[in-house]
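Paired with chain B in one complex and with chain C in the other, chain A is shared by the two complexes that follow.
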Partner chain A sequence: MKTALITLLIAPLLGALYQIVFGNRSPRRLAEVVSCAVILVSFVMATVAFFLPGQQETIVLGHWITVDTFSATMDIHCDSLAAIMALMVTFVSLLITIYSVSYMSHDHDYARYFAYLNLFVFFMLVIVLADNLLFLFLGWEGVGFCSYALIGFRYEALANARAGRKAFLLTRIGDIGLGIAISLFFVTCHTLSITAINAQATSLSAGAAMTLGFLLLWSATGKSAQLPLLVWLPDAMAGPTPVSALIHAATMVTAGVYLLIRLFPVISQAPEVLLAIASVGTATALFAACAAMVQRDIKRVLAYSTISQVGYMFLAIGVGDIIGSMFHLLTHAFFKSLLFLSAGAVIHALHDERDITKMGESVRRHLPAVFIVFLAGSLALGGVPPAAGFFSKGRILLATLQHGGMAYKAIWVCATFTALLTTLYTFRLFFMVFTGKPAVPRKSGIRAVPQLMEWVLWPLALFALFAGFLNLPHLQAGGGWLAGYLAGTPGAVADLHATPSLEWAVENGDSLLALGGLILAYFLYGPKNILGWRTLDASARKATTWLFSGFGLDRLYEIFWVTPYEKISQFLWHTVDETFLDQGLLRVTNLFPLLANTLQGFSSGILSTSIKMLLFGFAAFLIFLAV
Partner chain B sequence: MIVSYGEVLGLAVCLFFMGMICVATRRNLIMILIGVEIMLNASGIAFVGAALRWRSLDGQAFVLFLMAVAAAEVAVGLALIVYAHRHTGTINGDKYNLMKG
Partner chain C sequence: MIPFPLLSFIIFWPLAGGLFVLAFWRYPKAARRIALAVALVEVILVASLFSLDLHLNGTDGWLLREDFSWIPQYGVRYSLGLDGINLTLVSLSALLGVMSILASWKQISERVAVFHVMLLFSQTAVMGVFLATDLFLFYLFWEMQLLPMLFLIGIWGHEKRIYAALKFFLFNIAGGLLMLAALIGIYLVHGRQTGDYTFALSHLMQAKPAPMLEMWLYSAFLLAFAIKIPIFPLHGWLPDAHTEAPTAGSIILAGLLLKTGAYALLRIAIPLFPVASHRFMPLLLILGLVGIVYASLVALGQKDMKRLVAYSSIGHMGLIVLALAVWDSLTLSGAVLQMVNHGLTTAALFMMVGMLDERFHTRTLADFGGLWKSMPRFSAFFLLFAMASLGLPGLNNFVSEFLILVGVFRAHPLVGSLAFCSIVFTLIYVLKLVQDTLAGPIKHQHCRDISPRELAILLTLSLLVIGIGLCPQPILTLLQDPVQRLIDQTGAMPLPGTNLMPAK
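On to the complex of A and B.
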């Protein structure tokens, strides 16, 4: 178990080091094989850790900082939550790394790419396994860095470099929150170990728990692209598609959710924080779903839907159902990375065309396999039974409905409406990409997709369709496996204790909602273009442009944050620095020649004067001593 | 002691000031050097007087050293003056203004 965990963590790091040192010197094939092999090793070890009995293992890898009573140890703690998360991360990473081999086959800078990709997996696993908050913070910042480096991977285009910088800076704002929270944890709990903190969570004062909860929420909104820090994620689509699939859909953006789940015993001490988390999640889910309705870039639709789905995970935490959150996190990782990877295949086949209004039936005819897996992903994302999304989203909605309080009822209504929107935009995307005539004629032709790219989609499609069976509702026999597996997690509620009739009603309601959305999408955007919205989208109108730009949130940031910041910087630069400081220093330096010129007169060089001065000085000294 | 210690000191002070005035007012380098010698000897007188006053030979021993130093100083000083005269053709101290800032 111990060896397995250490190997699991270290293998990707070694892979990254290999790529950095030998990547460009070794044969290309070897570099590709090594990058996949290390992830495969990690995946095998994660499987071992997952199935081995005797979980709850803590291993101290080393001491990082020890000062007085403060100590940051590099220790990893593996419980059922970390094991299942590590398994998911390594599984998705493995498939995406294999996909990347094919995706990057024409790029000469492959060593840098694989180095970052492996390094990312290492840092992500640090987040998953770390027991010490400071060690977790190391991984937290590490994935941020890798995300930055990979978004701007093709930095020759200025837009890509800008997108990377934007993502880096915005997530930094969230990280400040985590930094403060860590310091506060040390002050209040005198330890940074997550297990120790969770053990003494109940003894926290109400104020401390609330402050810590809000700080954790703050840090999670940055990393997980929730309101108000979500604007970086749509722009992050500038990165290569496998990167979007891995970092900006499956793993890194869910790190915030994972952090909240890990520290749930602390958060659950403050009901205000839970309500805030639920509200932020629901608002973000609704907001992003609306924005996704009108996007024309295939990857941006998926980016907004990621934001929306992560919002659901927040909502689940807010209603105290961390198993539901984790369940949705897992299913989302599968179906969203599947959708991203198949979108990548479509983009690849269409010579980097991302505009869905230029796609249509021809895509389906040329890429039948991609069509099928994309359909599987859409069913899962849209929550159509019995695909994965139906069960995980259903559990969250049920938990919300069961939660008392008027505020939660309103949240439930919003979340249910968002579920309808989700189905709608998912199938809008599906119909526009794969069916009917393109609204706008496309110039580029279609080329075949490499076999390897298609192969890795199949296991993901399988999971997207059937991952829901991991945790079937209790109505079905053998349901709730995941809930049972995660029951030991601090703060987890395995069984929602819903009455069968309520559960039945919610399940049927969700199914009807999803089917309704599907039918509506067919009428609005279907191949026959019955209501004509399909072609409507091609021309930009006022309302859609507003939604298109994500409610103008970027513009708001521009007005209220970037512009004042630039103004202040200009002021500090030109007025304070150049005029005040530089000129002031210049004046001061001008004093010295003046002083020197004055003193020059005294050194006449006449010997008798010097002697007289010497004697006078000596006399004055003696007088001073005598008096 | 026939002559009192105060009178010895008075003589030493007079000599010292005379030497000092000589150093301060004369331009001739040789005269300045002589002034310095006079000042040195003034301090020598004060030492001898003090040796007698406290019946200790230390002061007189010191004077022997002083004489040796004075002799060496005069030798070096005169040699320097000769050298300077050969180079500049003058022994007027104020003509040397190489130290002007």
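On to the complex of A and C.
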């Protein structure tokens, strides 16, 4: 077990080191094989850790920092939560690394790409496994760096580099929250070990628990692209598509959710924090779903939908159902990476065309396999029964409805409405990409998709359709396997204890909603263009442009933050530093010779002469002393 | 039998070697090689300190001590002491000495021998500052630092070198003279109180000047050291000095000279005047915090890469000031480690800017772009050091910064939180630096990537950057006892109240 866990963690790091040192010098094939092999090793080890009995293991990899009472070790704690997360991360990473081999086959900067990718997997696994919060922070910042580097991977275009910088900056604003939270944990709990903190969570004072909860929420909003820090994720789509699938859909953006789940015993001490988490999640879900409705870039639709779905995971935590949150996290990882990878295949086939108004039936005819897996992904994302998203989202909505309090009822209404929007924008995307005539004629032709890219999609499609069976509700005679597996996680509620009638009502309501959304989408955006909305999006109007830009949030940041910041910078430099401090001081020094002139009639008066005299005098003094 | 005076040897070896180099002033190549050999021997000498069986020597807490009478009629002694704190800094100095010579291998072609003499001379002075425990001796070394740097900037610098050199000199000599006055003041006070006229630091700490006088004396010391660190708003000399200095000058300046300011504040000013310094702590706290934010903001506006790195230096030193102002075991360990880390990363960044300057004869950010394409190895290292400088975990700066931040937070949650926020300000200008040089359309098609010599420098530094980032414990263990002793000497200094205003 111990060896398995250490290998699981270290293998990707070794892979990254290999790429950095030998990558460009070794044959290309070897570099590709190594990068996939290390992830395969990790995946196998994660499987071992997943199935081996006697989990709950803590291993100290090394001592990191110890000063006085402050101590941070590099240690990992593997419980069922970490095991299942690690399994998902390595599985998705493996498929995406294989996909990347094909995706990168014409790029000669492959070594840098695979180095970042392997490094990312390492840091992500650190987040998943770390027991010490500072060690977790290492992974946390590490994935941020890899994300930055990979978004700006094609650095020749400044827009890409800028998108990377934006992502790094906004996630790091969130990271401040985690840094302060770690300090506060040290001051209040005198330890940074997650297990130890969770064990003494109940003894935290109400104020401390609340402050900690809000700090953790703050850090999670940055990493997981929630309001108000979400603007980086749509821009992050500038990165290569496999990167979007891995980092900006399946793994890194869910790290915030994972952190909250990991420290749930602390958060659950403060009801205000739970309500805040639920509200932030719901608001973000609704906000992003609206923005997704009008996007024309296939990847941006998916990006907004990721933000929206992560909002649901937040909501689940807010209503205290961390198993529901984890369930949705897992299913989402499968169907969203599937959708991104299929989108990547479409973009590849269309010679880097991303505008969905220029796609249509011809895509389906040329790429039948992609069409099928994309449909599977859409069913899952749209929450159409019995695909995965239906069950995981259903559990969250049920838990929300069951939660007492008026605020939560309002949240439930919002979340349910968002579910309808989700189906709507998902199938808008699906219909526009694969059916009907393009609203805007496209110039480029269609080429075939490499075999390797397509193969990778099938296992993901299976999971997207059937991952819901991991945790079937009682109504379908499911035992709730996932809930059972995760029941030992601190703070987990395995069974929602819903009355069968409530469960029945919610489940059927959700189904109707999803089917309604699907039918509505067919009428609005379907191949026949019955209501004519399909061509509408191509011509931008004011309201849609506003939605299109994500409610102008970016613009607000630009006006209230970026521009003033630059102005202050210039002001401080030119006015304060150069004019006031520097010139001011120079004037004062100029007074001395002036003073000398008036008082003594000392005629030289030239600054440099007096300085030279001073210098020589001083040198003589030193020589005198030294001798 | 007198034991071998290793510490003196470490101090004066570069100077002696430098004089030997001077004999080869007609043969620049030979002079360069000999200077490198001298610097390497210095590294070996310092390394030999680690191999000695160092243990605490009596109760005075020094690992190694040398003490001779020098000018008995004034109670001046030649005394040196080594403990964990200055051992780390001495090691840094020895290392950066080699780096500065390697960095100027191609850059300096005029008066080569004299140039290297100046480098070695400044190394002697810095070593002396770190090791002296007699304040008179300390003062001599302190002022001795200025001369070689004055000439390094003034002779081998860039366009506005004379202006920058004089500015550097005037600022620092002004501080130095104030310190001399205060030094004589505390000498007289102690002499009158005890009848023992001495400059020994450990004795002077027992002096009890009148409260008002103590404030004045401390202010003078503080001013001298604050100029050197430099603490906002006394930093005016630094950007000019860095911009005009040759690469080696910048390395010594940022890597070593600035550290002497922080070191002197830590070792001398605060322990000498615990009461007065305690009352000044809130001021330092505010100035440190303002300095970080201010320097980061100004750095963002810079068009010259070297100036940008220079301002970043002010910001990083602001964090050290913050650490000293809180004065507990976490922040002090963090502060000393931060001195080392800042020395490594900033030296590396200055060196890399120097490499670009050698190739393209410009340091203006707008002239660069797309270096990933033409210089991939250079770019990888540049990215690494930039990330270290913005405090990415796993790299060296993170460890010291986090220790400082946690310590500040523990003492003072509000200031600690604000200091955490200042991380973002750092991020903004570092990312701008990286993006403007490495990304974007390619501006220079043909240029060579790093040479083996440059690779050796960068590899050494990057291994240290990663090594300290992942395994800082040996250094921290080294610092533990002396830091504790400093705190014991002055007594704990809880900040007065939780408000931000200075105590009445």
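The rule is simple: the second predicted complex is superposed on the first by the 581 of 627 C-alpha atoms of A that agree within 3 Å, B and C clash if a C-alpha of one lies under 4 Å from a C-alpha of the other, contacts with A are read in each partner's own complex, and residues count from 1 in each chain.
One rule holds for everything that comes next: a contact is a pair of C-beta atoms (placed from the backbone, for glycine too) under 8 Å apart; a residue touches a chain by one contact, two chains touch by 3 or more.
Here the structure is a predicted model, which is why all the values come from computation and not from measurement.
J.: Kindly classify A:566 by the partners it touches after superposition: chain B alone (first), chain C alone (second), both, or neither?
T.: Once the two structures are laid over each other on A, A:566 reaches chain C alone.
J.: Between chain B (first) and chain C (second), which, if any, makes contact with A:60: first, second, both or neither?
T.: A:60 contacts neither chain B nor chain C.
J.: If you stack the two complexes on chain A, which partner ends up touching A:448: first (chain B), second (chain C), both, or neither?
T.: So A:448 meets neither chain B nor chain C here.
J.: Which touches a greater number of chain A residues, chain B or chain C?
T.: C
J.: Based on the superposed arrangement, let me know which partner A:582 touches: chain B (first), chain C (second), both, or neither?
T.: second
J.: So, A:169: does it touch chain B (first), chain C (second), both, or neither?
T.: Touch status of A:169: second partner only.
J.: From the superposed pair, tell me which chain A residues show up as contacts to chain B and also as contacts to chain C.
T.: In chain A, positions 608, 611, 615 sit in both the chain B and chain C interfaces.
J.: For chain A, which residues are in contact with chain B within the complex?
T.: The contact residues of chain A facing chain B are 599-600, 602-608, 610-612, 615.
J.: Residue numbers of chain C touching chain A in their complex, please.
T.: Counting only chain C, the residues touching chain A are 140, 143-144, 147, 150, 166, 169-170, 173, 233, 236, 239, 294, 297-298, 300-302, 329-330, 333-334, 370, 372-373, 376, 380, 383, 387, 392-394, 399, 402-403, 405-406, 409-410, 413, 416-417, 420-421, 423-424, 427-428, 431-432, 435, 438-442, 470-473, 476, 480.
J.: What residues on chain B touch chain A, complex-wise?
T.: 20, 23-25, 27, 32, 93-94, 96-101
J.: Taking the complex as given, what residues does chain A use to touch chain C?
T.: Within the complex, chain A contacts chain C at residues 20, 24, 62-68, 70, 112, 134, 137-138, 140-142, 145, 149, 152, 155-156, 158, 160-162, 165, 168-169, 172-173, 175-176, 179-180, 182-184, 186-187, 565-566, 568-570, 572-574, 576-577, 581-582, 585, 589, 608, 611, 614-615, 618-619, 622, 625-626.
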